[in-house]
Structure formats: structure tokens, C-alpha cells
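Submitted below is the structure of interest, expressed as C-alpha cells.
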């Protein structure tokens, strides 16, 4: 068996597995898309009609009466705001923990420990404080609150990536007279682009999907899509068509984002390579 | 050095947080006199007042929303709705009340919380306003006023805390075509030596469900046996149909007496032999779909399901679905009421809104827009009945229903009973074991609420 | 003239200060507040610090059989979900790391579930898994398989929640592990090949070795997140049937908003906190092989 044939077989194997996995994920999503174009009756009909007249009613109601567009805007502002603030801060922090061992293991774990409590315990006191200083129903308020649980995870995530970098280059740079700042910015960061990218995505997702804090700390002006989607469960039944439509719309920005970053994550593009 | 700073910081944080919490939470429960005093002092000019309200996303809300411009035109007060889901609403309201200044002025209160909110002082009594403006509360269905109006329901201290919005009492929805099917009628008669007719007792109903499931190719009852609200709301009908209750008038626990045990056993029997497969995980929506797709003979559910199930665009059995009050003594009553938050800064304006939205004229307009009324005069209005011939049926169901006990810990009571019922129905406990444990915990709740 | 070590220390402090500052501002006060509350009888209906009861909250909750049940179920959940997601996720990440076509497409599809709000995921799967009207059981019937009572059977419900969670969260593992694989330097592999190492050997010794920090972090983060799982239970089962899916976060949520007993809820949370802390420290030491310094 030649080397090339081996490779082909394992490639086929790879394609099969990835296709199966993708189908397992894609088929439910396709069904959600189908539901978003269906009326309630058709949505629950068994055996399911494969061909039916699609309706735009759900999307129309979603953006019209329910004003989903503004929730989408809010979620975007909050998620982007959080990411833009938290990733740089977390990168600095993660680096400090890795290279400078700041605060030792105690500080590291304290930072992570803040996340080991269920959100409910934190959200009530935060609400009282925020309400008193008029931070509720503001973008700053919710971004700050979400930062509180984004940061620890991002710090640790980036720590993991920074650990993987051999120290030689940094030491070499230091010998050449570079300050810690420039070492960080010019040498370390470019190499850890995959890490930064995945941290950004993670931060974006955590903010995008946040429910409890969004429910209690936002009001009409800052309501997010997660809260709005949850409101689809009414006393008159679940508005499954509109819920499906909202879910699909909510996925689109994320898909765009991952298409943008996959360059760095899949092709492994980094802005520098470790040489010699 | 920075360790010392950290320690000082933390100590300060502790002191500050205790201060904020203690003062913040206590002052939410201010006396009404102090509030109205500051309000009278402050409200010289009405100016730009915007009332904020937390509402559910249902037709009743939309009906009011459509009329809001009229209110603003008449009074100059703006109104803003915030829409959330039922369960989220309770969370948001409770959190909101923890703060000295609230985010909402007028709220809608579900009858589950109709004991909790007045007892904690989170909403204010409306008696003074009612007296001042001569608002006539006798137009309400008495059962509604008892449920989402007065608190406590009985006794000499009762005050009005809410005005009823709408009712969602429960009754029996069934398929007339199946009852009238001659073949089924013959088979039934042969099996049980009784006629297949509209059931009059709970036992007869459960028997019919089993029969239908075995002979008519549909589930007997689209049951909502999901743990929590769903199973408790459905089962309460079984309990009340047999004349049972959770507590008696003196707050002694009766949840484990023979009537309750029988109710549980009938319920469990129906789950096993008369309900769809996933019934123990069903909430309202799941059960509703079974019924609307024509796959069940009956459903014990809310009157607000009737418009849905008789609408050809939302139900495949629109023509043959009928509704009657719960067979047996009583069904479960439920409903919502308007209330004013104690930590609102615009109490007077909130009352203006409530007075307006519940005025005969506006109530009628809402009723004509798919909002089940709670006022007798509106229910009996010729125009309303012409458009919604199902309203008289609804009225019948409402009058033959009663609510669960309303007190400080109603929500917890529902959670406890729901848990035990779910355990009993999945076979992990016997009816006696489950109900006894529930009884013990319900007793503790009554004591905690200082009712005994 | 400062030494390099001093310079490093100062830089380190400077770098970490924004993080610490924000955490102190937003998290520390609520944390301390809730910790203090657990020693009082502080309920949402009667919030006051008048009733100091020291450890009574803690002793009461330990007598609650349903609490032990929740802890048990949560541990089963966490230690099933995380290993499965890790193994499957890593496997897929490795496959995506190879030189094949359509990588972009596969990657985009495989990372979609993670970006769906947990509430939406729960509601949608509830529809799919409806025992009578759901598409999953329908497909089973087409293949002559018996229909499964996904959410209504107290023996299957927890498994269902686990499966939905894996569907939802596996993309997290794929995302992070793939990024980790992409950051690996090429030299070790090249020199290993020159030395004659096989693919399997190079995988086990080099890949796993170099990926150690990323793997540890991925698992640690996922463990902590899975302890806090509550949305799926909230939307799909409410802890039932019976008490078979009552994850501890949901249990605490109920204590707060239905029992109104915030102090008991915080006491339980701190017990949970200790448990998670112990597990995390243990995992950290084992996986990254470092001591506490």
C-alpha cells in the first residue's frame, strides 16, 4: 500500500466524519429555517409536509410588531462593546499571569473563582447597585456586568495560548533591549493571532447569548435578542414560527463573524513565525 | 503594600454593601402615607410623565396597546410597555422591588403572586383612589375580584390591591364529533353500560379518556403533566372537581386527605392510560399542539384556549371543539390584575391609567379585540357577544371555578406540589408518600407566612 | 537602575490591573454581600439583617434530600458532558486541521450551535423532541425504530439534556482546540519526522504535549460552565420528570425566586463554589503539572 493511497483513504475517512458531524448540526438548523417560514399548524403537523406554501408572516411580525430590529442592534452594540474592551484587557492580564507570574497562583484562581457562583447570586446585588446609580437600562451597565464574567474566562483562555509560546524569542528581544511593552505588542501578539481570534469570538458569543443579566439589567432601550426570544413563550402557547425566525436572524451576524475570522483560525495564518 | 490596600478595600466593600442592601431593600417597603405626601409635594406640573409597564405578549396586551394613543391624548401621560415572558416577569418584578426606585409603575399581577405582592408591600392598596374617584367595583365578576382584587381574601382587613384584567380559568375542552360518533357510542355502551355523553363527574371523564385512547385512535386527554406550573394547574382541577383543596379556611393543610389522594390516583391513571406519550414533560404549548392537530379527544385547559382551538387558521378541529366547566364541583380559576408598584414615583398617574383602562368604554373596546373581559357588564354586552359568541361559555367556566390559595408563598407551594406530583406520576413515590411530604412542607409554609 | 525582575513585576502589575479593577468593582461587592447574607436569614420578602443565624442555613440545606439529588445529578452531568465534548471536539478539530478541501464550510457549520442562545436551543429542541409531534420521533418511525419519550421519562430525560448540551456546546471545544492546533510551531513535528517518528507517536508525544496548556484551559472553562448549566433545564424540563434533571443551578434559581429564600440560595451556592474550586484545582494540578507558587 503506497503512501499516497494511505493518505487518500484517511482523507476520505475525514470527509465522511466531518460530513456526518456537519449534517447532525445542519439538519436541525435547516428544520428551524423551515419552521420560520411555516404557520403554526404546519409547524407541528406530523407527518411533516415537505412542500408547503411558505409565509413571511413570522419575519414580518418579528421585525414589525415585535421590533426585533432594535433588539438586534442592542445585542450587536453590547457584544461588540464587550469584546473590544475585554479582549485587550484580558490579553494583558493573561500575559501577566503567564510570564510575570503576577500574584502567583492565588490571584489567578481568585480571578477564576469569581465565576464559580451561579449568576443569580451576583445579579441581585448588582441590580440593586446599578439601579441606585442609574446604570440599569444603559449600555454601559450591561457591558460592565457582562465584562465581569467575560474577563476571567478570556484571561485564562489567553493564558493557555501564551503558555504555548517558547520563551526564547522574548528573551532574545529583551537582550536586544526591547521593553516588556514592545515585546508584548510586536512579538507575542502577532504569534498568538489564533488565540486572540478565538478569544474574541468567545467573548462575542458570551455577550450575544447572555440571558439572565440581560433580563434583569436591561429595559426597553437596551433589550437584547435573548430576552426577546424568551418572550415568545406566552400564555397562548409558544410562538414557534416567530421564535425560529428570530433564532435564524440571530445566527447570521455570528456566521459572518466566523467567516471573517476563519482565515486566521483555519489556515493558521499568523503574523510571524517562530524561526530557528 | 498592595496587599494592605486590598484588605482595606475589601473591608470598605463589606461595610458599603451592607449599608446599600439594608437601606435599599427596606425602603422599598415604605408606608403609603409617606409616599403620597412626597408625591403631592413633587407633582406640581404633570409635565412629561411616562408610565412604564411590564406586560406579557398576548392579544390582551395588544388590545390595550392599540388604544394607548387615546389615553395619551386624554391625559397627556405617555405609556411604555415592556414585554417579557411569564416566568421571566416574576423574576424581573421581584428583582425590581428590591430597589428603592422601581422601573415599573403599573404592573400586571398573576393570581399566583396575588398573595405575595400585597403581603410584602410591593404593591399598594387602591381603596383610597377607588373611594376618591367613585370607581364602581361591583361590575366585576365577584370571583375575579376575590382572586385578583382583595387581599386577604377573607376577614375584616381586606383591601383592594388590584383591578382584574382578564381571567384564564380552566375547564374541559372536548371534541363533540367524537362524542357524537355512533360507532364509538355503541362500543362505549357495550363496555360500560353507560351512554357516551358530555361527562359530569371526574371519574366519568377519566373513564372516557381511557376509552378514547383505546378505541378512537386519539389520545384521551392532552395533559400538561410537566413539572411545576403545568402539572399543578391541571391537577388542581382534578382536586377541586372532587371538592378538595390545599388548605382549609383556617390554613390547616388538606393536601393529603382522601379527596386529594383520589385526585392524584385519577390523575395518574389518566397519565398512564389516557394521555399522549410525553405528557409528563408537557407544558401548555406541547399539550395545546396535540389538541390543535386533532390528536386528542379532550384537554383540561384555559378558557383562552377556546378562541385558538376554534380558529380554523390555528386548529384542525375548529368546528368540533367545545368547552364546558370542569366536570365535578369546580375547576381552577386563574387571572391577572392591574396593580401599582409601591416603589413607583408616579402613583397618581398610574391610577389614572388603571381607571381609564378599566372604564366601561375602554373595557368594551378591548373585549372587542380579543381580550377576555372580567367585567360582567362587558361580558353581557350584545356587541361583544355578537363578535365573540364564545364569551358566554367562558363566563360559565369562570363562575364555576376557584383559585389556589393565595398567600405569601403561593409560588413555592406550587413548586412543592408540582415536584411531588411529578415524582408520583413517574412512579418514584406512592400518592400517600408524595402528598404527605407536600403536606408537611405546606404546613411549614403556612407557619412561615404567619397564617397559623 | 531597575533590575529586569523588578521591571517585570511592575509591568505585570500594570498589565493585570484593569482586569482586577473591573472585577473588584463589579463582582467583589456582590460576592461579599452574598457571602455575608448566607449567615443571616435574609429572604426577598423580608430583606433585613436582623436575624443572624450563623451556620443554620448551611445545616438546613444539608438536610434537604433534594439538594443531594441535585448535586448528584449535576456531577453526573458535568462528568459526562465535558469528557464527551472534549473527545469528540478534539477529534473533529484534528480532522479540520488536516489539508482537505471545504474546511471553511465545515468549520462554519460546526461552529453554529454555539452561537445560538441557550434559551432558543432549548425551545427548539423541545419542539424537535416532542414525543408525539416532534420530528425526531417521526424520523425514528420512518426507520421502524420505536419512538422515545425524550423528555417525559425520568430515566431518559437527563440523557436527553446531555445530548442537547453536547450538540450545543461541542463547537466551543472545536473552536478553542483548533485555534490551539493552529498555534503549534512546526519545528518539533519536522524534527520528529526526520528522526523517524510515526504519525501516531508524534501525535501523542508532541501534539498532546504542546497542547497541554490549551487543553487544560478548555476543559477547566468547560467544567465551570457546565456546573452553571440552567437554561436547558429551565426551558425543557423544569427539573422533571420527578427530580431527574434538577441541575444545581436550577435548584438555586428556584430557591431564590420561588422560595424567596435568598440566604439559603447563597449558602447552597457557596457549598457549590467549594466543590467546583476543589475540582478545578485538582484538574489544574493534574493537567498542567504545576505546583502552587
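Chains: A, B and C, in written order; residue numbering restarts at 1 for each.
To be clear about the criterion, a residue touches a chain if its C-beta (ideal position, glycine included) is under 8 Å from a C-beta of that chain, and two chains touch if they have at least 3 such contacts.
Bear in mind that the values here come from a model prediction, so they are computed numbers and not experimental data.
Undergrad: Make each chain a node and each touching pair an edge, then name the shape: line, ring, star, complete, other.
TA: complete
Undergrad: Going by the contact definition up top, give me the pair of chains with the most C-beta pairs touching.
TA: Of all chain pairs, the one joined by the most C-beta contacts is A-C.
Undergrad: Counting in whole Å, what is the centre-to-centre distance of subunit B and subunit C, each centre being its mean C-alpha position?
TA: It comes to 35 Å between the two C-alpha centres.
Undergrad: Can you give the whole-Å distance between the Cα centres of subunit A and subunit C?
TA: 14
Undergrad: What are the residues of subunit A that contact at least two other chains?
TA: Counting only residues that touch two or more other chains, subunit A contributes 44-46, 123-125, 129, 230, 232-233, 238, 240.
Undergrad: Show the residues in subunit C shared as contacts by 2 or more other chains, in ascending order.
TA: Within subunit C, residues 13, 28-30, 33, 130, 132-133, 257 contact more than one other chain.
Undergrad: Could you check subunit B for residues that touch two or more other chains and list them?
TA: Residue numbers touching two or more other chains: 17, 21, 25, 87, 91, 98, 289, 293.
Undergrad: Could you pull out which subunit A residues touch subunit B in their complex?
TA: Checking each residue of subunit A against subunit B gives 39-41, 44-46, 65-66, 123-125, 127-129, 131-132, 136-137, 215-216, 219-220, 223, 227-228, 230-240.
Undergrad: Which stretch or stretches of subunit A touch subunit C in the complex?
TA: Going through subunit A, the ones touching subunit C are 11, 14-15, 17-19, 21-22, 24-26, 28-29, 31-32, 35, 43-48, 89-90, 92-93, 95-97, 99-105, 107, 109, 111-126, 129, 144-145, 147-148, 151-153, 155-157, 159-161, 163-164, 166, 174, 180-181, 184, 191-192, 194-195, 197-198, 201-202, 205, 208-209, 211, 225-226, 229-230, 232-233, 238, 240, 243-244, 246-247, 250-251, 254-255, 258-259, 262, 264-266, 268, 270, 273-274.
Undergrad: Subunit A touches which residues of subunit B in the complex?
TA: Within the complex, subunit B touches subunit A at residues 17, 20-21, 24-25, 52, 56-59, 62, 80, 82-88, 91-92, 95, 98-101, 103, 168, 284-285, 288-289, 292-293, 302, 304-305, 308, 313-316.
Undergrad: Residues of subunit C touching subunit B in their complex?
TA: It comes out as residues 13, 24, 28-30, 32-33, 36-37, 44-49, 66, 126, 130-133, 147, 149-154, 157, 234, 236-244, 254, 257-260.
Undergrad: Quick one: which bits of subunit B touch subunit C in the complex? Just the residue numbers, please.
TA: By the definition above, subunit B touches subunit C via 2, 9-10, 13-14, 16-18, 21-22, 25-26, 87, 90-91, 94, 98, 116, 119-120, 219, 225-228, 276-283, 286, 289-290, 293, 295, 408-409, 411-412, 414-415, 418-419, 422-423, 425-428.
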